[in-house]
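You will see chain A twice below: alongside chain B first, and alongside chain C after that.
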Partner chain A sequence: MFGRLVKESFVRNPRRKLLTAAALVVGMAVATSTLTIALEVGDRLAREFRSLGANLLVTPQSDTLPVEIGGVDYRPVNEGAYLSEADLGKMKTIFWRHNVLGFTPFLDVPIAIQQSENAAPTRTMLIGTWNAKEVPVPDGTTFKTGVSVTHPWWKIRGRWFRDGANECVIGAALAKTMPGIVPGKVIYVSDETGVNSVQDHSTLAKGTPLEVVGIVSTDDAEDKAVLAPLEIAQNISGHPGKFRQLFVSALTKPADAFSERDPLKMTPTEYDRWFCSPYISSIAFQIKTVLPGTEVRTIRRVADTEGNILSRVSTLLWIVTLTALIAAALAVAATSATTVLERRGEVGVMKALGATNTLVAGIFLAEQLLLAIAGASMGFVLGALLARSLGSSIFGTPASPRLILFPVVLGLAAIVAFTGSLIPLRRAAHFNPAPILRGE
Partner chain B sequence: MFWRLLWKLLRGSGGRLAVAILALVSCAMVVSALLNLEFDIERKLTQEFRTLGANLLISPRNAQITGSSPAEVMIESEVSAAIQSVKDPNVMAAAPFLYVVGSAQNTAVVIAGTHLEELPKLEPAWRIEGEWKSSQAQQTACLVGRNVAQQLKLAVGSSVSLTYLKKNAQLKVAGIIDAGGAEDNQVFLELAEAQDLAGLPGQISFAQLSVSGTTTGISHYAARLAAALPAYEVKPIRQITEAEGDLLSRIRLLIVSMIVLISALTALCVLGTMAALAMERRQDVGLMKALGGSIGRIVTLFMAEVGVLGAAGGFIGAILGLELSRWMGQRVFGQAISSRWEIFPWTIILTVAIALAGALPLRLLGKVKPAIIFREQ
Partner chain C sequence: MATLVRVDDLRKEFGKVRALAGVSFNVEAGEWIAIMGPSGSGKTTLINILGGLDTPTSGQAIVDEVDVARLDESGLTRFRAQKIGFIFQQFHLVPYLTAVENVMLAQYFHSATDEKEAQLALERVGLADRIEHLPGALSGGEQQRVAVARALINHPKLILADEPTGNLDEANEETVIQLFRELHSEGHTILMVTHDPAIGNLADRRIEFAHGRLVKVTPSNDASRNAYR
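Our next item is the complex of A and B:
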C-alpha cells in the first residue's frame, strides 16, 4: 500500500517531481563543483606559486660573511666554506622528497674574459650553475633539475648551455657592452687574479675557451655576468666538486602558529605531526639533516607572500563555497516546500480516508528521499564535469573528481529535501480535511 | 480592481509566498555579496603581494660590470625629486640605497645606506629583533643582518664600528634583520651616515620602489617615472612582477569563475521555485478566464505579483549580501570590503528578471481552455 502510493505519486504527476528534482540536480552540482575546487585549490595554487622561484637557500654553516651585492659574491675564491656537489642527490631522500621540485647549486668566480687569445681582458663574474642536470639519487634513479625550476623568470635568447660542455651564456647587459660577442662566438675565460698580477696580456695564462650559445636576461646581477656549467666554475676557481649556494624550490603548506614553534620544545606527538607536515620549516630541517654542515634559510619574501595569499584565497573559497551551499540548500528546500504545499488537496483526501499523520508524512518523506537520491547522483556527475572544465580553464589540468564527496552530497541533498518538506508537513498535520476538500 | 486583486494574491498565498521570498532573498544575497567581493578582490590581492618587497628598480644606465667599490652612482636629489613629482597612490614605499664594501671590526662587509624607516614598508616580510629605528637617538643607529650579528657576535644595543678606506663610524645596533637572503649579510644605516662614511655626499647606487597594482599599472608607472628620469634606467624587477601578474590573473580567474558558476546555478534553482509557484496558479487563471478576463490582463496581473516578489526579495537580499561581503572581507583580509551601492539596483533588476523568467510558463496557460484546467484537478 505504502509503496504503491509513492509509486502512483511519481507516475501520475511526473512534472511536479521534475521541478524538485531539477532544483536538486542544480543545487547539488553547485555543491559538488565548488567543494571539488575548494579541496584542490591549495595544492594547485601552491604549485603556481613556484613561478616565484626558490623558497629555500642552503649555505655552508661555517661560512665567512659573503660580500654580496645584487646576488653576486665578491669574496676571493679562497675565502669561505664550500659544499660538496656529490651530496646533492640526498636532497631527494628526505621525507618530503616529492615536495622538492628542484634545486640548483651556484658558484661565483671573478674572471677575466677575452674575445680572442690576445685581446684586452674584461673583468666580470662567472656564475657556475646547472641548466638541466641529471642528478644521481642514492636509490639508483636520477632527478633532472636546474635553473629553469628555481629561476623560472630568467629568459634566454639562443639556447642554454649543456651541462658539462665548454659552453656558456652571457648576461644581456654584458652582451651590450661587448658588441663583438654573439651566439656562436668563442670567448676565453680565466681567473681574475691572473690579470691582476700580469701586466702584459700576452703572457696571460691561457684561458678556457667557451662557446657562447645564448644571451640571458634576468633583470638582476646575472645580466652583467657569464653563466656557465658548474664544472667550469669549479675548475677555474680550483674547487672541483664544490659550490657555495644552493637554491631549493619546494612545495609547502602555509606556515601557521604551530609551524613557527621550536621543534626542540615539542612533545613527541607534536614533533611527529610537525615533521610529517610539509611546512617550510620542517622541509628546511630535513634538508639540514641530509646535508650536514649547512644552514638552510627560508627566503622570507617568497615564502611569506605564498603563505599569506594561499591561506587567504583558500579561506575565501571556503566561505564562498559555504555561501553557495546555503543558497543552494535554501532554493532546494523552497522548491520541495512548494511541491508539498501544492498537494494539500491530496493530504486532505488521505486524512479523510483515515490516514494517520505519520503515514502522510512517511509517504511524502519517502518521495523526497527518492528524489534526493536521484537528484544528488545526477548533480554529482554534473558537478564533477563542471569542476573538471573549471580546473582545466584555471590551472591547465582538469580537477579530478573526488568520490569521497558523493556521500557528502547525497546526505546534503537528503537533509535539504527533508527540511524543505518538514515545515509544510507539520502544517499539514493540523489541517482539517473538510475545508481543504471544500477547496478553501 | 487590478491593485485589489494584486493585494489579495500577495496576501492570500501565505506559506507559498514566504517560500518564494526565501529563495529570492538567498539568490540576491549570494549574487550581490559575490559581485561586491569581485570588485574589490584585485585591490586586496595586489596589496597582499607587496610582501614580495620592492618590484621597481631605478639604477644608473650603464652600471659598471665589476667592482666591489661603488662604480657608478646616481644623484639622490634628482631621484627623490622625480619620485615626488610622479605622484601615485599605489607607491607603497620608496627607498634609495648606497652600497659600499667596507669592514666592520676587521671583517669585510657590505654596508648599505638607506632610509631605515622605509625598510619595513619596502620589505614587509623581513623580521626584526629589536626596532627598525632606535627611539633614543643618542648614538647613530644601524640594523645588522642575522649573519653579520652571528659572525661579529652583536646583539641589540651593542655598538659596532664601521670602516671604509680611512673613515670610521661608531654605531649602535638597533635591530637584527632576518630576511632570508643576501640582506642577512649586510649592515644598514641611515643614508646620510653612509654617504658621509663613503665620502660620496648626495649620491646613491640605486633606488627601490614597492608599487601596488596590476602588471600593466606598474609598467605604466615605470614608464612615467622613466620619462621624469631620462638619465637613469627604471625597470620592474621581473622575478616579482612577472610571477605576481601571472598568479593574480589565475586567482582572479578562479574567483570569477566560481562567482559566475554559483550565481548562475543559484539563479537556476530560484527559477525552478518560481516556476513551481506559477504553475500552482493555473486554477486562478482558469477561473479568471471563465469570468471573462482577457488573457493579457490576467498574465499582467500575475507578472506584477511575481515582479513585486522579485523586487522585495532583491532589495532584502542585496542589503544582506553587502553585509555578507563586508563580513567576508573582514574574515579573509582583515579589513572590510567597501560596499558598492551600484550593485544594489543591478541585484534587484537581476532578481526581478529571474522571478519573471520563472513565471513565464503562465503565458502558455493562456492557450488552455478553462474547462480543461478545472477538470484536471
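Our next item is the complex of A and C:
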C-alpha cells in the first residue's frame, strides 16, 4: 500500500514534479561538473604549474654557506660539500616516485674562457648540468630528465648540448659581451685558478675545447654563464661524479596545516596518512631518506603560489557547488510547500484514519527521493557533458566523466530533496485533521 | 448492556468561543445515538473529541475504557486507527485510489492490508461491481457506501458519522440509512450527527445540543422509527 500511495502520489500533478525535478537536474548537473573539474583540477593545474619549474632544491647537509649571486654559486670548487651523481637513480625509488617528474643536478665552476688558445681569458661561471640525461634507476630501467623538465621556460637559440659531448650553450648576456661567440664556434674553458696564477696568457694551460651549439636565455644569472654537460664541470673542478645542487620538479597537493606538522610528532596513523599524501613536505622527506646527508628545501615561491592557486580554485568550485545545491534546495522547498498545501485534504483523511506522522512524512519523503533519483541521474549525465565542455575550454582536453561521482551526486540529490522538503514535510506530518475535514 | 462511551462535564473552548460547555452523557454498547441541534451547537466538536481528532479543554471522554483527553498525539493516532470508524458528510475518499484501495487504506493504517476482506466489505455495502472504480467514477451514494465499508473494515468499537446523508439525494440517502439500520441491528454502536429529524428518529436516542450544551435526550420508539419514509 505504501508503494501504491507513493506511486500514485508521484505520478500526480506532473507539472509540479517536473519543476522539482528540473531544479534537482540543474543543481546536480552543476554539482557533477564542478566536482568532476575539482577532481581533475588538482592534477591538471599541478601539471600546468610544473611549467614553473622545480619546486624542491636538494643540497648537501654539511655544506658551507653558499656564495650565491643571482642564483650562481661563486664558491671556489674546493670549498663546500658535494653530492654523488651516481645516487640520483634512487630518486625514482621513493613512494611518490611517479610524482617526481624530473630532477637536474647543477655544479657551478668559476672558469676562464678563451676564444682561441692565446686569446685573453674572460672570467665567468660554467654551469654543469644535464640536458636530457638517461638516468639508470635501480630497478633496471632508465629515466630521462634534465633542464628541459626542471627549467622548461629557458629559451634556447640553436640547440641544447648533448650530455657527454664537448658542447656548451652560452648565456645570452655573456654572448653579447663576446660578439665572436656564435653557435658553431669552439671556445676553450679552464679552471679560473689557473688564470689567476699565470700572468702571460700565452703560457696558459690549454683549456677544454667546447663547441658552442646554442645561446640560452633564462632571464636569470645563467644568462652570464656557460652551460655545459655536468661531466665537463666535474672534470674542470676535479670532482668527478659530483654535483652541488639538485633541482626537483614534483607533482604535489596543496599544503595544509596537517602537511606542515612535524612528522616526528605524529601518531603512527597520522604519519601513514602524511607519508602517503603527495605533500611537498612528505616528498621532500622521502628524497632525504634515499639521499642521506642532504638537505631538501621547498622552493617556497613556486610551491606557495601553486598551493594558493589550487586552494582558491578549489574554494571557488566548492562555492559554486554549494550555491547550486542551495538554489536547488530552495526550489524543492517551494514546490514541496505548494504540494503539501494542495494535498492537505488527503493528509487530513489519512490522519483521521490513523496514519502516523512518520507514515505521512514517509510518503512525501519517498516521493521526493524518487524525484531525487530521477534528478540526480539526469543531472549526472548533463553535468558530465558540461564537465567535458568546461575541461576542453579550460585545460584543452575534456574532463572524463567519473562514475564514482554518481553515488555522491545521488546522495547530494537526496540530501537536497530532503533538506528542501524538511519544513513542508514536518508541516504535513503535523496537520491537524479536524479543521481540514471541516473544510477550514 | 455495558457502557461504551462515557462523557462527563466535557468542555471545549476555541479561544473565547465555547464549543462545548460541560456535556455529560453515556452511550451503551450497541446503541444508535442521533446527535442533533443547530449549526454551531457543538455536535461536530463532540464527534471530533470522541473520535480522537480533537482534545477537550476539560472533562472526560471515555471510549471503550480509554480516556481520550489523556492521550498524546501518537496515542490519539492509534486510538483512531483501532477503535473508531469515521463516516464524513463529504465522504473524504482518496481520489487516486480505487474503492477497494480506499478500504484497504484503513486496514493499512490499522495493521495489514487484506484485499479479499476489503472486497467482502464492499460487497457487504452493495458495491461488488464497483470495486476497481475510482471515487470520481462513483455516485455520491456509492462513495458514501465505500466510506461505510472503510469505516467498518477494522471492526471499530464506535462508528462516528457526521451528517452521512447530508450530501446525498433521496434515493442514495435511503440506501445509506438502510446500511446504518443493518449495522445497528448487527450490534454496532453508532453516534450520528444529523439535521434530519426523520433520520434522528431511527436512532435509539436523540441527543439535542444548543450553544454547546446538551438540552434534551429523547428516546425513540417504534412509531417514530416507522415514520421514516
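To be clear about the criterion, the second predicted complex is superposed on the first by the 310 of 440 C-alpha atoms of A that agree within 3 Å, B and C clash if a C-alpha of one lies under 4 Å from a C-alpha of the other, contacts with A are read in each partner's own complex, and residues count from 1 in each chain.
Operating definition for what follows: a residue touches a chain if its C-beta (ideal position, glycine included) is under 8 Å from a C-beta of that chain, and two chains touch if they have at least 3 such contacts.
What you see is a predicted model, and the numbers here were worked out from it, not measured in a lab.
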Have a look at where A:313 lands relative to chain B and chain C in the superposition and call it first, second, both or neither.
-> first
When the two structures are overlaid on chain A, which partner does A:220 contact: first (chain B), second (chain C), both, or neither?
-> first
Worksheet item: Is A:326 touching the first partner chain B, the second partner chain C, both, or neither of them?
Response: first
Is A:256 contacted by the first partner chain B, the second partner chain C, both or neither?
neither
Contact-wise, after the overlay, does A:12 reach chain B, chain C, both or neither (first, second, both, neither)? second
Applying the touch criterion given at the start, work out whether A:434 contacts chain B, chain C, both or neither, answering first, second, both or neither. second
Winner on chain A touched-residue count between chain B and chain C: chain B
Which partner does A:272 contact after superposing on A: first (chain B), second (chain C), both, neither? neither
Ask   = In the superposed arrangement, which partner chain does A:353 touch: chain B (first), chain C (second), both, or neither?
value = second
Open item on the list: So in the superposed three-chain picture, is A:345 touching just chain B, just chain C, both, or none of them (first/second/both/neither)?
Closed with: both
Overlap of the chain B and chain C interfaces on chain A comprises residues 345
Within the complex, chain A is touched by chain C residues 44, 48, 51, 53-54, 73-74, 77-78, 80-82, 86, 88, 90, 92-97, 101, 104-106, 108-110, 113, 150
In the complex, the residues of chain B that touch chain A are 15-16, 19-20, 22-23, 26-27, 29-30, 33-34, 37, 45, 48-49, 51-53, 57, 62-63, 65-66, 68, 99, 101, 107-110, 123-127, 147-148, 151, 178-182, 184-185, 235-240, 242-243, 246-247, 250-251, 253-255, 257-259, 261-262, 265-266, 268-270, 272-273, 275-277, 279-280, 324, 328, 331-333, 377
Listed in rising order, chain A residues that touch chain B in their complex are 16, 19-20, 22-23, 26-27, 29-30, 33-34, 37, 41, 45, 48-49, 51-53, 57, 64-69, 71, 74-75, 110, 122-125, 151-153, 173-174, 177, 218-220, 224-225, 297-305, 308-309, 312-313, 315-317, 319-321, 323-324, 326-328, 330-335, 337-339, 341-342, 345, 386, 390, 393-395, 423-424, 427
Listed in rising order, the residues of chain A that touch chain C in the complex are 1-2, 4-5, 8-9, 12, 345-346, 348-357, 359, 432-434, 437-439
